[in-house]
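Structure record follows, encoded as structure tokens.
For reference, chains read A, B, C and D in written order, and residue numbers begin at 1 within each chain.
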């Protein structure tokens, strides 16, 4: 059963061996073969845009710091709770970078330390009031930030994606009810709501990561749900969904194979931006004093120590400047990545030739 | 299969209606309906191509989708191989879809950009559990060859192809499960002129080769002539004329068909200069609020009082064997 | 007849990430006062880019008009400052576009969009401009014109919107109207209305028209001259009569044959041009149509044929034009 | 359009009820002892007193009763007075403020409003203006610079920015100070000679013709306003920029150019009007962002507004105050989002006239 659609012509002089409708297909790159054109475009876009490369470097840097925290800032003794920032005494006055350790110094000197030019342990970035070591707090705080941030983002994304896809795909009354409920949650300014809920949860969970994390999830899923719902609504009207239905596909097949894969990319962008902003909110909470117990390695808390020295901040600048750099870089890294993703994925910016 | 005039009827559409509710007001009450398809009756014989023609908003695409049960009809029956599709269970309908397929207008929008050409074409096979992975792959390559594409392209993605090539992929997908009936919803209107002819010829060849039956939906009468055996003209949710191709083109009885025919440009300056054109007044009224009586009377140069009051009967002015149906009070005038 | 527009060897390219798009590769044509001509071609043939280049409306970057002259009443438009060119646009050369829905500003009233050009180019007061706008709306057949100035575009139907566009374009009495596929987005019966309207207005107002279209059939009865474009080149150029009857380029012939003929007696197979248009990213060295051409000879793969005059007021860019012409309508008859 | 607005107005009470459910649910996390603060006029003294309150006001009753009491109040069986009831405006007693929550909200709201209003000036002026400039100079230096600033501004946490400003302008340069007024004026404004019309210091100072106080209040506002504005300014800049870029690609812009309009007219009349429509839709988010920012900003700069109150209450786990604050925010933002939605409908003729 072969039909020759090309009976008419075989132009003279045409280089032999090319079927008629071969067209001009560019051979696919190895990347495209491996992951498909959309992902290939995404990956290529991320690695060719200098800003997103910068973002990627920053984020990777933080991940490495978190992974190698025990080497970068060894705790005072092996087996001690590493998230408890070691204190070099209890003096209220911060000490500048370079001050030698007296008490609770790390239990061994890793090899990289010789690069700093010091033989004995010093407070690399100084201490806060109450003699918490800033370097240690920032290094282990990176772990806290990444762990808490990833957990919160993962759970809120799953909840949001579930609710969003149910609302978007089934529509009707289900959609209406879910959206009314969502509206109630979005009425509150996010930090306000999270602050209220975590202050209620503190008596139950005690001072730990939990109150803030739970509160951030309870008031953090709506963005995902809304975004995905909208994308599903627009995707399910597409012709290729109609084509799948015309072929006799089931609902689950259509959702999993056609609707979700095409609707998920904007959610990825949101996820990346959320990775940054959740950690910043988290830090804001512990800065305000609703969160972890004192001395827990957490960026927000280390900044909150600076509040006691507002008048003399120009003397104790290191109390604020180093944590500020860490927080700023962290937010910047994820935002650069998210922005780049957005630019790459925005269909309106795609393939425009005058 | 039921017979009519000695021909087998594959699809029989009986008084099909599809009304989209208009929800208005504070509590979204239904205040009316867009009568996209409003009582359409016709048969499609096995092995023929029925052309369904009309301007945008006349309900032709909606009718095509309602026949395939992709949109739930408000009323009426659709018999496919003597089974009423509107009464089938969800599972039965899904199984029946193997035998009836659709080709879409926009080849860009109807192919999932994230799937390879191979997965797109083999999807219907997977859904209906036809063959194993290896045999499906062979089938896909065969289908690609059939529609004039290089089977080597099986692992490529739709965006790499041109419009005409994408439409060929869409056709290959529709053919995958060996259907007997295909609704082609304006398959050529998004394509360039030189490519249109390629696709029309391909569809025509496939029909002869595979014994297909088409419902070919189009917005003008020019291409339909080349592919249809019979032609139905729709206006505002109703069929106004239905007859064999030659009857409709050479002896159009409905003034709307006449106007559509005269609007087709002729690529010949001399003929074009001599031709009398019928220019219709105004535009198609809203299907939410169609005119009373004959729906065409607001734009018809022959309209009389009766046209605005009475909905004309859809009657046969041809012979019993070769019917030529028309819905016009004054059709005799044009005989 | 005096020549009002003389385009010579216009070249426009787009510098994109994927490479250089050779959109227009040196096209030349002339337009006389009050004449109507059509530029015909498929999508990607450069027909729109060609006229946009004349108007200075090519988005730049990525687009760039690289060479050529566009003489409008003897002045080279490509040498004008942006400000001088701006003053010509709308007043001397006006345009209408394909999609009347997106081509009108959705948040401004029709009245404002009608009058702004009048106030700018003809220095009319707002009252005068309004009066003129109503006059133009009546001319293009919008009922209750005076009451509709305060309406927004979405309150008009598709056909009426295209009428608005026409009224807007003609309000300053331009000497050239460029119509960029104005009927493509419209239904057949509305398309007929719009074509009739433009023809009527041309008779009344006497402007020259460049009609851009992909459909040879639409323009057959309404223009005097045709330029057929393929892959950024004009491949055949001449009077309508010559192009339809003494067709001398295989692409034109293919286009003509692939248009369905309503008046044909027999149901025949449509003839089609096989293959696809070329990739504009490639430098055009050979004849761009050769891969799809049934008349191609070896020379076509080596040398791109220039557009040469083959008869008075008829040129073709084909090495085989004589063979092709023998296959044309008149050629076959003879 | 009117049906849309009516529908929106009818949904409002449903959302409002949902908000009360949510807050009531959060309250139920607490034990009856904490909840007793709803019905007191002073900090309770002994355990017996608290138990008596729990008994008297039915704080151990089934949930739906409690919800009703919470809404409409509860008659004191001894005195016959009705106590509590948020519908009566009784939100309980604030432990931190040692006054009824509602009084505290009323007293502190004008300060926050004043801060937010001043912050709107740089946000709107800077954000929209720079967003348009950036879009019109797409990919040129102006655009690049403003993108960098927007990304930085978007990434820096409010509390870090606030502390950095303090470090520079207060500790080092001594230009601006925290607080709301200098000490010499702080007392003066409470004296009878100074009438507090609006309780917004800058406005009241002008109304009292006290330009010295006006200037003083203004200098105190500089740092908090910058802190509060930067993030929102960055957001608005980005939204305006991308909206402008989007509109600049539209067909009607080509039409406008083909009419020979001056570039200024094309931009100001045609592009800008369309581009600003989506900008209106983020006005609600901007207001919510300002409230989030106020919590942190007011805390850092010791500015006596709602945010500072909330942060204090959160640290001391004064949950009744927090819930009152949450309810206040819920009502405020239901109203704000309603206005924004209606505004959007009114602005866009395509929706207004359909």
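Simple rule for what comes next: a contact is a pair of C-beta atoms (placed from the backbone, for glycine too) under 8 Å apart; a residue touches a chain by one contact, two chains touch by 3 or more.
Nothing here was measured: the structure is a model prediction, and the numbers come from that model.
Undergrad: If I average the C-alpha coordinates per chain and also across every protein chain shown, which chain's average lies closest to the global one?
TA: Smallest offset from the overall C-alpha mean is found for A.
Undergrad: Determine which two chains are connected by the greatest number of contacting C-beta pairs.
TA: Result: the chain pair A-D has the most contacts.
Undergrad: Any idea how many Å lie between the Cα centroids of chain A and chain C?
TA: 51
Undergrad: Starting from the mean Cα coordinates of chain B and chain D, work out the distance between those two points in Å.
TA: 57
Undergrad: If you average the CA atoms of chain B and of chain C, how many Å lie between those two points?
TA: The separation of the two C-alpha centroids amounts to 32 Å.
Undergrad: Please report how many Å separate the Cα centroid of chain A from that of chain B, as a whole number.
TA: Once rounded, the distance between the two centres reads 49 Å.
Undergrad: Mark out which residues of chain B touch at least two other chains, giving numbers and ranges.
TA: 162, 165, 198, 201
Undergrad: What residues in chain C touch two or more of the other chains?
TA: 271-272, 274, 276
Undergrad: Can you list the chain A residues touching chain B in their complex?
TA: 1-3, 5-6, 19-23, 25-26, 28, 32-33, 36-38, 238-240, 242-250, 253, 257-258, 261-262
Undergrad: Write out the stretch or stretches of chain C touching chain D in their complex.
TA: 55, 57, 86-91, 94-95, 97, 99, 102-108, 116-117, 120-121, 152, 154-155, 165, 168-169
Undergrad: Please name which positions on chain D make contact with chain A in the complex.
TA: Residues of chain D touching chain A: 11, 14-15, 18-19, 21-22, 26-27, 29-30, 34, 151-152, 154-160, 163-164, 166-167, 170-172, 178, 246, 249, 288-289, 291-292, 295-296, 299-300, 310-311, 313-315, 317, 319, 322-323, 325-326, 329-330, 333-334, 337.
Undergrad: Can you name the residues of chain A that touch chain D in the complex?
TA: 180-181, 183-185, 187-193, 195-204, 276, 280, 283-284, 287-290, 300, 303, 306-307, 310-315, 317, 320-321, 323-324, 327-328, 331-332, 335-336, 339, 348, 352
Undergrad: Sort out for me which residues of chain B touch chain A in the complex.
TA: 65, 68, 70, 93-98, 101-102, 104-106, 109-116, 123-124, 127-128, 142, 145-150, 153, 155-157, 159-162, 165, 168, 170, 173, 177, 198, 201-202, 205-206, 209-210
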